[in-house]
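Naming follows writing order (A, B, C and D), and every chain is counted from residue 1.
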Amino acid sequence: MDFEYRPNYTPELEDFRKEVRTWMEGNIPPEIKAPVDSEDMPDDLYEFGVQLRIKLAEKKNWLYPSYSKQYGGGGLTPQHGAIIWEELRRRNPPTIFSNDLILPSILVWGTEEQKQKFLPGIFSGKIICFQNFTEPQGGSDLANIKCRAVRDGDDWIINGEKTFVSGGGPGRADLLFGPMMTDPEAPRHHNLGYFLVPAKTPGVTLIPLNLLNGRNQHTVIMDNVRVPHDHLIGDDHQGWQVAQTVLEAEHGGRGQSAPFNESANDFYHFVRSTQTNGNVLGKDPLVQERVVDFYIESHLNALLGMRNYSMYNNKQEMSYEGSQTVVLRKETSVRNADRVRDVMGPYALLKHGDPRAPFQGKPEIQQRNSLVALHPGGTLEVQKVIIARRLGLSRTQERAAPTPATAAGITA
Amino acid sequence: MDFEYRPNYTPELEDFRKEVRTWMEGNIPPEIKAPVDSEDMPDDLYEFGVQLRIKLAEKKNWLYPSYSKQYGGGGLTPQHGAIIWEELRRRNPPTIFSNDLILPSILVWGTEEQKQKFLPGIFSGKIICFQNFTEPQGGSDLANIKCRAVRDGDDWIINGEKTFVSGGGPGRADLLFGPMMTDPEAPRHHNLGYFLVPAKTPGVTLIPLNLLNGRNQHTVIMDNVRVPHDHLIGDDHQGWQVAQTVLEAEHGGRGQSAPFNESANDFYHFVRSTQTNGNVLGKDPLVQERVVDFYIESHLNALLGMRNYSMYNNKQEMSYEGSQTVVLRKETSVRNADRVRDVMGPYALLKHGDPRAPFQGKPEIQQRNSLVALHPGGTLEVQKVIIARRLGLSRTQERAAPTPATAAGITA
Amino acid sequence: MDLSLSEEQTMLQTLAVNFLKSEVPKERVLEIDESPNGFSEELWRQMVRMEWTGMAIPEEFGGTGNSWTDLGVIYEALGEACCPSPHLSTVLCSQVILETGAAAQHKDLLSSIAKTGHVLSFCYTEPEYGWEPEHIRLSANRSNGDYVLNGTKLFVADANIADQLLVVARTSSQGSPENGISVFLVDRKASGVSVRRHVGWMSENLSEIELSNVSVPASAVIGEVGGAWGAIERARDRATAVLSLYMAGGARRVMDMAIEYSKSRILYGVPIGTFQRVQDHVILGVNHADAIKWSAYEALWKLDEGKSDAPVSVSMAKAAASVGFPQACEESHHVHAGVGTDFAYGLVQYTKKARTLQHYLGDAIYHKKRMASLLQLDQPPEESPSG
Amino acid sequence: MDLSLSEEQTMLQTLAVNFLKSEVPKERVLEIDESPNGFSEELWRQMVRMEWTGMAIPEEFGGTGNSWTDLGVIYEALGEACCPSPHLSTVLCSQVILETGAAAQHKDLLSSIAKTGHVLSFCYTEPEYGWEPEHIRLSANRSNGDYVLNGTKLFVADANIADQLLVVARTSSQGSPENGISVFLVDRKASGVSVRRHVGWMSENLSEIELSNVSVPASAVIGEVGGAWGAIERARDRATAVLSLYMAGGARRVMDMAIEYSKSRILYGVPIGTFQRVQDHVILGVNHADAIKWSAYEALWKLDEGKSDAPVSVSMAKAAASVGFPQACEESHHVHAGVGTDFAYGLVQYTKKARTLQHYLGDAIYHKKRMASLLQLDQPPEESPSG
């Protein structure tokens, strides 16, 4: 067993880190910083982020570093990818959300022509993708799709409404990917097609929702949207199966190699630097218990992510593990927000506009985001249905959907 | 609102307490004490307990003090009942378990003849009753009854097996009450009859189970047991409805007026009297948190019991409240056992035979009993099904079954 | 023992519930919450006309002298509606005035609270946040017969809309922390006072107050100089008990929303309420709502009866409320999933309220520590516990 | 990074699992547990023959010098079987001998542990129960070149079946509590030693030991007089990490029992595993089992790699185990209801084991406090945390 997630980098990798850092310093002015709350992204920062994506892809092939070079990925090792990510966070420029869950769907289910057609654009950074999945009546019942796709010659005509579509906003999307109803006569799970809908097509309208975490989620109205047939991934009754591959990746099936710990670090720092009655707050046994519980649960999620990553890399088929990490990450996030309120008191509720807000108001963002994060990618309830099936408890027995790791020899 | 559960007793009640105390001192020698673990009841103590029941009933009418005098109850107020109970606990003689859940079934569903026939014997203390309900294949699915009752002239012939029947043991039961299948053709919930089976009848065998909490639960084998027709309570298709009345009472539907706090008191005493590193254990904030949580949850159960008692006495129909208190009492019991282990450490596991055992090993008994108590009267899972129905969430909507309080004008 | 409401209380409850249903729907709550001061003068006038502002003030000082249980009935209804108002601030401040024995001197003030809804703001917490007496550092020094106040208060409710401030200050650092605590009546617009409303995900009007060489006459002292702690504690106990019922009402309401939603929302062809996981969220939340409600009513009853162990029950109620109301909101969010995060739906208001009130007048940690102390867990068992 | 077992470890695991399946079924566990000494000499011999007693002892002292991860693989299998044995006591004691630097003097002893299963019992806890150095009060006083030991040890594992005792005693009360702690090798049958097995709902062989004027020569001191604390901590960390894997195995097994039961038990016409409430008990328990397993393996890996922050990971693993194993048992009891409380079914053995091991080598409270200290939560942030 080897739990090293920050390896003793080889000299080659250390050189690579230097190269990355130098490049970032040369291409990202120090005053260009991501806003604390992604909701506050001004247009000029957004535009900088878009150009940075393209530059990262075009100049260095560092945007999707660990995907195969065949279609435009970086062809580097996961270590290289981790270094790029670490250095990017270190410099902290605005980064633009584009949902890379589109990649497994095309890599596993696309034809060679479709890979040639779509992947280079995505890998180039120029194509911003949003997942176009949930419907108002469907919610957690993801297979309950009413958006209708009807064949019309070489095209499909799509009508309907999607909601909770995440992304940077109207005008900031290029491809919307998700399943549509192609055959109302066919049985459930065999009645869908999976479409890449060009967002800047007549009939597509994105309307931001006013949600607890801001306006980064949308309703998408599709009104007689014409989509060419080659934008259908998989055959026109395989949409649910394609979606499963995407969900498998979304549900933690790929794992992660490095624990993400920023809020934990802020929390330690707070209890060690805050004084109460002449003592460091962290001397209080009740505070200690909460901080240590925060540490344990966060670190545990990291360990289980590493387990999944290790299984993925060893091409082992997942059972319940992917959904388990999703459930635990979501539950932990809410519990940790509770712990932060216990320890920080009302300071945890101050927004970054208040001069008293600790850590520029990041804890407050976490307070809201932990609630909002409960439902995307499947509520806890739905994730637990999946876990129970995989443990063999349900009437429905199921295996994991194919992923790039288990489906074929594609490096991903 | 009036939350007084230990009223400022009137002089009449204070006189009554004196009378009770004097009587107990005169009739219960000080050296006669209930064993710490009810499993360890020797025969002579058991016999004393049986005689005490009869004496309490015959001499003073104090065995079922708050039931109507009409059929042999004491006809006293609940305050009188509370005083008798307090003084009995104070003197702490062996008490004999007889399941008084039999009373609501007869009071609500029995004919006048049946009340005349059965109630005086039960109120006299001479008849010991066990509930004869759960079956091996049924478990939590209480309506899944296979024990078969077949009409044979003026009698019924019963065959089958019941399990987890609680009571003092073979030879210590007089009446076994519970539902039997009378009509395999009839629909579920309309296919049962509710029988009082005389335990000392040919064909009835009680076999103790070896369980975590001892040998006080049994398998009951009924092999061609002949039971007279007047031992059927309700008509021969109403057994499930009769059982519901019993379950309603068992599920906390009657509430309770006084919080039961012995283990809480032991717990406070332990943390205040145990020294660690020169300090009282109760100075430790982590210990305090656990003891206070124990206090809060225990007291809360008392409050909700009082709410139910108040609803019962005001003849308000219960909704989810009865099952809610059952669920909380069971969950609290396990959580409190966890807290006791946290605070007492391995001392919580020492049995009363070990000279180091605190409180004569009562905490250890609680450790086991809290687990065993999870299932009788319906697992948490089943109780939550009932709560959900009563809150209107389930497909099945239901109202509470009639109880002596809501069914008729019977004082109980 | 009988836990039912009296006929009069039932009438009070019906009036309050009907008023709030018609006058304070969720749209109005959202509108007030998003207004610059988080306050509706009009709604406050309506509450004054309902005579709610006088309930906690004895008749001799212009109020109606209701029982604490009566006021609890109103607060439960206010909490169900998530109704914003400075009512709790007026309860806190009027009780401080009454308990310090300063009522006679401030009869007009009490009467104007009761009859015209004069708003006082209770200024307690400071940058080193906490509700213990040692957290009071803001200094009041004697100078030529006046007092000069210097210091900062944070997270002060209703300071931005108050007519006057009741400032808890330290006039002496001698002896135990309870000693040397005094209360001053300060005009909000006095020279040296600056009030800044906090920016946060908070539903109360919470402000930072800076007092910089604020000079007040000796007559501004409420009660005895240096001896206000006992009165503050008693005032806080009463306010904490009614606040707990507000939180009980809120917890119940978010669960009612969850029950309604789970009956009408269809997934996989059935109402989601038929799924046991959804039911369990509801059950957990309802348990919390009932826990808060009954522990708070017991506390109010003990206050009304003058029971010596009332503080234990008050702290138990607020501990239950500080844990249970936020938790009930979380359960309701689980049931509602995405829909619940939409501001227009109405749930978010309660979540915000729950998390703000969690800390106000002490969170669960504070109140459980207080219970441990009142129950003398840290004392050898010769003395008997007070609870 | 790669969390899979090596080929050799997979072989070790297969051997262990197969051996335990055939030789230690639940009936044997129950039989050993109910035997007067809670010990099977025969089973212990079998374990010696499997060479498990030498795994934690370097080759130069007669063992096989395996990695801690190797031993963890065995412990996970032992835990799944709920297998009773004094193996952990031998690990603890051999590590104390190795870490105090006394291995050379005690080469024969180590070799006989490895090769013949000589049993030593680690005697630490006292009536004032706890695992901090200040809990060591049992005194060892110098007298004519010998040491005289007086005091009581409680809850000592395997003392009733041990050949010898390793007694942790205090030779000095000067300075910090870590100072003045010494380890003595005492014959169990020495004059003045009395051992009484505890009566309890406990699955380990735990005993009370009374030492009354027990005289031992100076050569009985293991390592440096007064300076044994560091060695004890290091030895405990290793034992705690493998113990955590034992608990992971147990937790996993009770959940496997729950999964099997919920697939086969039919209620309301369907397997109970189809009810979401039953599923949630299983999911919660499986989460605990995985939490213990992976945190324990990480701790073992850090011990093998000599990472300086290994103690943080060890304490995290035991905290997860002390909470998670008892909790997993409770979840399994929920799933099994009445059937699970029957001794013959087998679940009760695990519950007993979980609740006994919860405290052994420190419970979750102890280990979380230790983590807080190792992470320097109580220090200002200039110094960086060790984890």
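Operating definition for what follows: contacts are C-beta pairs under 8 Å (C-beta built on N, C-alpha and C of every residue); 3 or more make two chains touch, one makes a residue touch a chain.
Please read these numbers as outputs of a predicted model, since none were measured by experiment.
More C-beta pairs touch across one of A-D and A-C than the other; that pair is A-D. Taking the CA centroid of subunit A as reference, the farthest chain centroid is that of B.
Averaging C-alpha coordinates per chain places the centre of subunit B 41 Å away from that of subunit D. Measuring from the averaged C-alpha position of subunit C to that of subunit D gives a distance of 50 Å.
Touching two or more other chains at once are residues 285-286, 289, 381, 384 of subunit A. With touch defined as above, residues shared between interfaces to two or more other chains in subunit C number as follows: 275-278, 280. Those residues of subunit D lying in contact with subunit B across their complex are 127-130, 134, 154-155, 198-202, 206, 208, 265-268, 275, 277-278, 326, 330, 333-334, 337-339, 341-344, 348, 351, 355-356, 358-359, 363-365. The touching residues of subunit C, when paired with subunit D in their complex, are 275-277, 280. Taken in their complex, subunit B has these residues touching subunit A: 284-286, 289. By the touch criterion given at the top, residues 1-5, 7, 257, 268-269, 271-273, 280, 282-283, 285, 287-289, 291-293, 295-296, 299-300, 303-304, 306-307, 309-310, 313-314, 320, 324, 327-328, 381, 384-385, 387-388, 391-395 of subunit A touch subunit D in their complex.
By the touch criterion stated above, subunit C contacts subunit B in their complex at residues 1-6, 69, 259, 262-263, 270-271, 273-274, 276, 278-280, 282-283, 286-287, 290-291, 294-295, 297-298, 300-302, 316, 319-320, 368-369, 371-372, 375-381, 385, 387.
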